[in-house]
Structure formats: structure tokens, C-alpha cells
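Take a look at the following structure, please.
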């Protein structure tokens, strides 16, 4: 079976990562990639890394009817937050799967959009239809899904660190701290004063303190896992590296736990998973570089009574475009691992 | 007044940083620098960055009587943890000041050494005599001090973030989390599998989870500030950069606080300080690079009820050798800022 | 057809890269990987990046008869220079292919070994039998080859930049300068004073000036391309990055050339090649990261009368392990591109 | 003596570096710093690294009469190339010294501006009056100079590598190749697609091949040193680091030379210089980080008949703002080393 694939908004980093991964996918065939600011330009000129895989591909301009005209079975939407909700409704029809990489269809509670994103959602009725694209939590719901919301990169990391512990009732769902660091690619391709080499290299800083938009999404997932309302303080940091997120999460145990008992719970949850590895020591982002892997671990501190859960992944692969493809694989009934790199690039 | 200075153990990074700073100090004159593994080698061959400042200096071998023979007024001890306590007693006499950069004289409670450092202290009777070399907390005690223990790099960072808030009774002294990231120079000059460029570059990872040795030292300082026992869970991370520590600290408020009220407290504490700057947004390590500056801020999160305090500094300057010189300046009655860079290297 | 593969000396970076690539190779099946210093350890503990692909693989100890006992069809030898020549003769038999990644079988003139490597070759009679593993120059010779010498990483870069220009008689084979920069992984996994993060990060330096061992190998290739003796001055530099080599090569034209005419020659040579891309501007190493791609270009400077040819590649992929697999693919009659990543990891 | 100093165009990296160095200069007192795009903003908000040294300084707007109104004795002009020539004539009067950091007054031959900078010079009559601000070559001319042109960063590097060899007649002035790599700060503060962290980190690439604007300036200096027309092919590269330039230069000897004889010539030229160090092995940029140091060496290759001369420096310190201050010190009769860091920041 060959699935005809289009990418709307392919000129950003998640678009480039989709193109990288699709080049090695046995079932998904890229038909068209749009990028309005780059329309007419060769993909290989913007991303020479794609020169061998896509020597002739040219960015198209997005337009109404594009998906129909190209008979697309699967559309990835790599547009900025807030613009997907204007485009996606027009893409949905009975036979086509739409995977959105923005935040527009992630939150189930429409009232969270004005609170955290500063704007009312324009098609709140679609929020109930979208399936959250994290197979480790929603694999069954994803089968046959027509609208998939790809999780935020920090969100996938924090969720996979904490969800099994919450689901097992081992830690309290409130008072949680997620302290995370990300590589710079999470900020996107557009040059900004805060993302120049000279600003970032040899620097480590926090940003979005108290109000980062991934907060309600982490809470939504942890609430789902815990079965009761979760509350999280999330502090992201910018680390001088291209890719990678490490989330160090702190929660209070509900009862006596040990490092060993926490890891047994992680193994129970993740040993069946194709991409999640339970580590005996802290994960490192670099072990996941360019791959779909997620590395997790947990510690119980008897002295202070805290549980520490740590996860690492590549924010562009499992944390974005790889996550989108994994969800699409599940939705379309393909091998869940198809086209997804199992091995990190090291060193 | 010219103070005759020696460095025992000058071949490591804190030694090289002492040499860098002493080259610009108006009152301290370097007389001898030992480095047993490098004895006989030119300093400028090991550290070409010092070639103009010390064209002829050769590492000496340490030996009994060296401080007397060179008529040293001031000795910096840059030896590894555990070895200082064997050397320092022989250096102490009535007229000489000894500044130790290891952990050997930092903890007042001798029983903490076997617990956190794995060995009994050999001269516990000296612990009461040593003064903790953090002028922001112990300026008066440092005047005339003969034995000074330079704080750990993470410790200075976390302490300066939290101490004023604890001293003002604004946050609880227990349940505190210190989540910090450091550049690689904190691990020292010796090549290790974990500190090669290929291991570190493009990586972010936690280490020393639950049991890092700076934990009891942070607790000692915060207990001092709070006036009651403090307890801290400390998680260090390794960031792909040469220098810099950022500590993001989480504590529970004791009463209603706002971001503004927290910063008023920080300003009250730090506006008189020559090196500490209260920032309106997250500090970044790079703003302090190569300088004695400490940048701090704090936030109150009404939603989750957490206080977040953040501090940044250069681990080798204010966090080690610059801190040692600042304490020595105070001890000797010199201008506290003498020889200490006020400006960070940017970019 | 499934080819049974062993790696002797798999614990270094070229070994890890072979494991990464073999995990995605459709025809090559890894059977055994030795690593004497790591014997008995899990591969995934040394290289967590391989945790999903090789969850249970353990480094074996090398021993006589290992290749026979495992019925290996193909052996990659990732041992240090000078040690391969002791092992390889024992691995050769009529049906098995041996691909050496060291320098031991690269130079055809045995007298070059004492001159550049400081030791006589112990099995010089094998030098004539080995085929130089650069398909772009020796594709026909590689078909059915039983002993393949994988080129040096700098050598592949410089050769691919210059060979077509020399073969076309456009530039002089003598007076050539190859000025190149490499990421740190070329120096191998073992920690050294010169490869710590603190030594390398924010540094750029030359090394091996005048006497780098890749010099005679570059000359051997360029002599082959030119059909007359080539002479090269090669200056390598260390750049603060993990992977990647860029070679900027300077040669004198033999007759009037233009930038356009040089590029026509490059296109003629490389458009049929699966991995080589001719660029209109300077290649960048990052566009090739983790892939088998080689990017090349050339310029003619009318003003000074120099030709500048530039090439970039990933030193561990095309420059080492990927090059070894490409050569093995050709030798064994497989699809030449099998298992080799076409897309660079960006960013 | 206190010299009243203004900086026109202080918001860029060379401006920030001037501010860093002036903070430690005993004789130069900063009175005003303009930055049109930042006018009214605190310097410490744009550059938190300057927060302690300049807590209250605000960027002023440039305007006619500013230098008179502030009674400036010394003006540093940190404006972009091409804009200095519009401003500088209005700043010149009999008693004031103007140090331009742009290219506008560097080239003596006005016809080179349209050729290399694309525009006619608007005040070519001033070119003869300006003194080239490289004390190592023009110390005597700088004494009392009223208009000083600070050399380009690559130019200082290449000139100091080669000038003594040319002055001694040891190498030919034509056929020279300068192959250099620079950190990213040379590209300035403004965000560009080519200077984002994600574009630069883990990348090495050439740029400005054949036509970089520093070429005629290098040739002007080498012509001066040689006493006959010099010709140079200059290839710059971008290295993933903040600061630092290494220039590897290739020239043909005029007669039999050895590595030793080349170094004797370098020592003769540089041992009296306060900032230039002759090394026995390749310089590294990091040894000069943040300091005024220049490290140089040279090699003679008997095999190929090339001379290799290598120099390293910090492009923002000795290569720009430190160079400007050094020249101003000479012009004003101050201690030439005043305010200039002798020690590099390591690691």
C-alpha cells in the first residue's frame, strides 16, 4: 500500500524533519510540500542536507483544493500555532488523515486557548474529534483517526517520564515540578535575537518561567494518566545544542516507594513499547539524537521524600515529526515503527 | 602593601583561574605556584593563555617549608578534595592566610564528611576555625580570617538565589529543590570518558542524582540563612559549555508573596553588594562569563504556589577562584573588588 | 541473500557507526562484535544510542577462529593503525570479504609505512591484493574484492574534491595545498588532553602540520587520478564539532579555466554517483551530517590564478564506516546504496 | 590625565567590546555611547554582561555636535562599513582623535573601494591622512595620529603571521594563500539566517570565496612589509565558536629556509612586542580568548617547498576593539598596554 502524502508548511524545521524521515519510509510517498515563503525554491537549496533525497522537489504554494488535486491520503500540517485551525477544517474529509504539528488541536478544553495562547479557538467543535498523537497513551484511539494533534516536544518528554508513575498511583498529581532543557531547534528556523549562535553558545538560561504554553498540555496528559486533576509548574531552559530535550521531573510519592519499585513500574509500562528505553542512570539527550528513542528513568529519594523522574528525546524526531509519523502509522494501520530511526547518531 | 602569594596545586582549572586573576590584582604578588604532576614545566606551555602574563613561570614541586621559604603571606590551596586536610595544617601560622578551594573545610559538622565524602575528616578540630568564604553571608567573620574555605560552585549559586528569601522568612526551608546546570570545567582538567568533547557536545544530562556532595553544603548555608534546619534535593546537570552555572530553585512560600515582593527582598539584600545584580528576567550564564558577577531573580507562581529563584555565575570565577580572591581581599583588609573582573566576556 | 557480518574492534567510534548503519542494512546481518577492552559489556551500556537496535548485544573478545566459528561472510576490522596487519591475514580465506578501516592496507608502496607511520609493514605482500575502498575511483576493482582498505577520512574528502579536475588535466598535480578542518570524532573515543570538551570547545587550531599521515594517501589517489606524480601539502585543523570534514584545496590550473568549466567537469564526474552532490556555493559539513553524502564545488580565481576545490562529508559515515559499507556493497554485488543514509540530520 | 571618550555606534559587538575594555582602562573615561537603534535603552538591558560596570548607562542618539557638546578627546566609531565616511569628517578637529573601526579609512588606494566594497569613497582625500591602526607595523606613524583606521580582524591575523617573513625577504610576496577560520561574532549582532545557532553549530563552511573584502587590505599590508606588490588568495571559513580567528598562510620561500630560521625571524620581530607570542606549535584561538594576545608560528616544509605561517587572535579584542584601543593608546602617548587584557579566558 502506498499512501500519498503532502506537507503543508514544510519549510520549517519540523517540515525538514518530516522530509528526512519520509525519505526512508517504505509506505508513505511524498507528493507535495508547500512553504509559502519559499514557494518556487528548491527544497535542496534551503536544506542541502536533502539534496540527494529530493534533488528536484520545489516548495509549492498552499491553496484551497491542493489536497484534493494531489489526491492526498495523508496531510501533515507544519504551520505555526494559531494558523492550523484555519486550514485544517478544509483538509478533513472522510478518507483523508490529517496530522497537525501545531498546538491547535491538542487541548481538549477550549477555554485553555485564550488563557495560554491568547486567542479564542475558531473551531472548538473539532477539539473533541482530534486524537492526541501519543501512541504510548492513546494507541487505541489513534487507530483510524482522521485528525491527529501531535504533542508538544516538552510535553511528550514530561508525559513519558511521569505518566506510568501517576497511572500506578505512585506519585501525587499535584505539586509536580517539570524542569527541562531543550536544544535551540525547538525555537524554529526564523532568525531571532535570542537564537543567534552568539546569544546561545556558551549560555544556559531559563525562559517562559511560569507561563510556557506547554504547561496545560502536560497537565492534560498527567490528569489523563492519574485519573484526577494534575497540576504542574513547568520551567524550560535553553541549552547550547541543536536538538534534544531532557525533562527532570519532581513529584511527591503517595506511599513508600524505592528507586527499584519505580523502575519496575517504568519497565512494565515501557518494555512493550518499541521506542522507550528504561535506563539505570540519567538519560542523556545525545543518546537519542536523530532517533525516535525515548530514554527514561526514576529515582526515589528517601532523605527528602521526593521522586525524580527523568526523560530524554530528540525534540524534532520523537518530539515532533517522528511523533507525527508514528501516530500516522498507527492511524493508517501501518507498522508503527515504519520509517522511524531506531538508532541515535553518536557521537 | 604587597602580599606575597603562593598557589599550591596550580595546574588544575582553579589554579589557572587564580593565575589569570592574580595577573591583574594590584596588591597580590604571585611568588610561587606548585603543580606536582607538572613540576618543572612552564606554566605557559600547559596554559598558553598565560604566555604573556607569566612567560617564565615554572610549576614548582610542593614540599614542607615551601610557604616559609618563600615568605608567603597568602596561600591558595587548589588541591583535590580530601588532600587539602593533609596539607593545610602545616601551612597555618599566626601571620599567614590560607584559602582552601577544596571541600575539606567547608562543612562545620564533621559527621557529614563520612556521609557525603566517604571518609572521616582527619583534622576535625580545624573545622570550627575555618571561615566560610562567602562574603555575601559571612563578610564580618572573614575580616582577619586565617583559614578560609571557598564554597562549592553550585553552592554559591544556589545560596545566593535563596538566602535572602529564607532570611526574610518568605519561603519554607524544607522541601526545596535546586535544579542546576553547569559547564564542563567544573569537572576539572583531567580527561575523563564523561568529559570528552564527543561525550558532552550536543548532550544534556543529569548526574549525581540524589547524592551530589554539594547538597549538605547548600543545606548548611540555607540553614544559616533561615535560622532553622533547611533540607534540599539537589540535581546537577551537565550542559555543553565551558563555564557557567545556572541554578533554578523551587521553594514553598510561607505566606502570600508576589514576584514584586520577592524582588524587593533581593534588591534589599544585593543592591549594596558589588557583584550581585537583580534581574527582571531569567539570568543567563553567559552574561557572567569570566567575571565575578552573580545574576539573580525570583518569581512567585500564584497558580501552583511555588516560588522560583534563579541565579547564574561563572563557576571558575565567582564560583571558585574569584570567590577565593574576594574572600582573601576581605580577610586581608584590601578593597573587596581588587583584581576581580566586573565585566563578562560577551559574546 | 543474507550476509553474516562480524566487526572486530567495535567499541570505538567507527565500530559504533558500523553498528548504527548495519541496524538499517537490508542484507547485512550482524553476528558478532568484538571489543577487547569492553569484552563482556553490553553494547547498549557503552553506547546508549544503540539501546533499541541492539538491546542484548554484548562485546565479544577477539580470538583466532572467531570468524570461522561464526561463519562470517564479511568482517569489518576497526582496530587501530598497525594492529590490523597482525589480524587480517588470519581472516582472509577464499569466500570471506575483509574490510579494514585502519591505514594498514591503504598505501601501495610499502616504503611509505616506515616513513609516515614509523614502522615497517609486516605483510607487505598483501598490499598489492588489497583494493582501495573508494568506489568513486575504484568501483570496478572493488567488485569481488576480498581485502578492502577503507580510505582515511581526510583522504576521501580531498580526493573527491580534486580527482576529477586532475583526471581532466585541468590542474597541476604538484604544488597542491589541502587545508582541512575536522570534527573531534576523528580522534577516536579514548579521552585525551587534546580532546576534552574544555580543550576543544571555542577553539580552532592546526595540528599534524607538515607530517599528517593522510598526506601520502592523498598523494597516492591524486597520482592515480592525474596519471603522473602528485604532491600535496596537507594541513589539518581541529574544529569544535563532533563530526564533519571540510577540505579546501588549492591547485594551479594547467590552462585557462573558469568556475563554470570546473563545475561542468565535477558534474560529469559526479552526476552518476549516488552520494556526491555538486554545489553552487561552498559545501558545509552540516549538510552531510550522519549521511553518506559528499558535497563538492570548485572556483577559478582569475585574479590570482588559483583553483579552489572544496568538499565536505561526515568523517564517520562516508569518511569511515559508511565508506566501508559502500565498498562492501560493491564487493558483494549488493545495491551500492543499501543501508547508507541519504539524508543529513539537520539541524 | 583623563581622556574623555565617546563611542558612536556602541550597540554592536565591537561597541560592547569597547565598553568591556574601557571599564578597565585607567586613563580613558567613557562619557557617551550612541546606538541609534537602541537609543534610550539601558546598555545593561541589551548586554547584561555590562550590568555591574555600567548600571546606569543609556544608549544616546547620535547627532551633529555630540562630540563637541561632550568635549570628547577621543571618539571610537563602531558604525557599519560605508557609514563611517559620512560621520568621521564632522568629528575631526585639531585636538580630537578619531578611531574608526569600519573599513572606510583602511585602504590607501581609493579605487579599491568601488572594486571591493561596491561604492566610490565619498571623502577620498582623507585616506592619506588616516593612519593604519596596527602598532606592530605603524607604531611611529600612530604617535599623535588624529584619524586612525582599525584593521580588519582577518587582516591583523594574516598580517602578523606573514609580515616579518616578507620584511626579511624570506618568502615571495605573490602566490600567497591565506586560509582562515573565524568565530561567528565577526558577523555582528544582527540575526541572520547564516548565523543562527542551528545554522552554525556543528557546521564548518567556507564563505566569501575569492572575493572577501579583507583581501585588498591584507595585500596592502603585505606589500608594505615586502616593499613590493603582494598578492593573496584569501579564503575565510566560519567555525562554530563565538570568538577567535586562526589564519593558516602558505607562501613560497625565496631561498633555503628552515622552521628554525623562520622562527628566529619571528622572535626578532615579536619579542619586543607586548602582545605577540611566538609558539613552537600551532597557535590555538582559545589561548587568546578575550585577551589582546596574538600567537604566531611558522614551519618550513622541505618536502613540498612551502612555508606555513599561522597566527591566532581574538577577533573582537586584538582583532577589533582591543586593536582600536591599543592604537589610541599609542596615538595619545599612553602606556600602549593600558586597559588591554594580557590573559586569555581559559577554559
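Lettered A, B, C and D in written order, each chain numbered from 1.
Please note the rule applied: a residue touches a chain if its C-beta (ideal position, glycine included) is under 8 Å from a C-beta of that chain, and two chains touch if they have at least 3 such contacts.
On a predicted model such as this, the values are computed, not experimentally measured, just so you know.
> In terms of residue numbering, is the interface formed by subunit A and subunit D classified as same (over half shared) or different (under half shared)?
Result for this pair: same.
> Looking at A-C, A-D or B-C, which pair matches B-D on over half of its contact pairs by residue number?
Equivalent contacts to B-D are found in A-C.
> Quick one: subunit A and subunit D, Cα centre-to-centre, how many Å?
Here the centre of subunit D sits 46 Å away from the centre of subunit A.
> Any idea how many Å lie between the Cα centroids of subunit C and subunit D?
Spacing between the chain centres: roughly 39 Å.
> Got the subunit C residues that touch at least 2 other chains?
13, 185, 198-199, 201-202, 240-243, 283-284, 286, 289, 347
> Which of the residues in subunit C come into contact with subunit A in the complex?
The contact residues of subunit C facing subunit A are 13, 16, 19-20, 23-24, 47-53, 185, 201-202, 242-243, 274-275, 277, 279, 283-284, 286-291, 293, 295, 341-347.
> Give every residue of subunit D touching subunit A within the complex, in rising order.
Residue positions touching the partner: 13, 184-185, 189, 191-193, 195-202, 240-242.
> Under the definition above, what is the set of subunit A residues touching subunit B in their complex?
175, 177, 179, 181, 183, 198-199, 201-207, 209-210, 231-233, 235, 237, 239-244, 246, 248, 250, 281-286, 289, 299, 301, 303-304, 306, 308, 310, 312, 347
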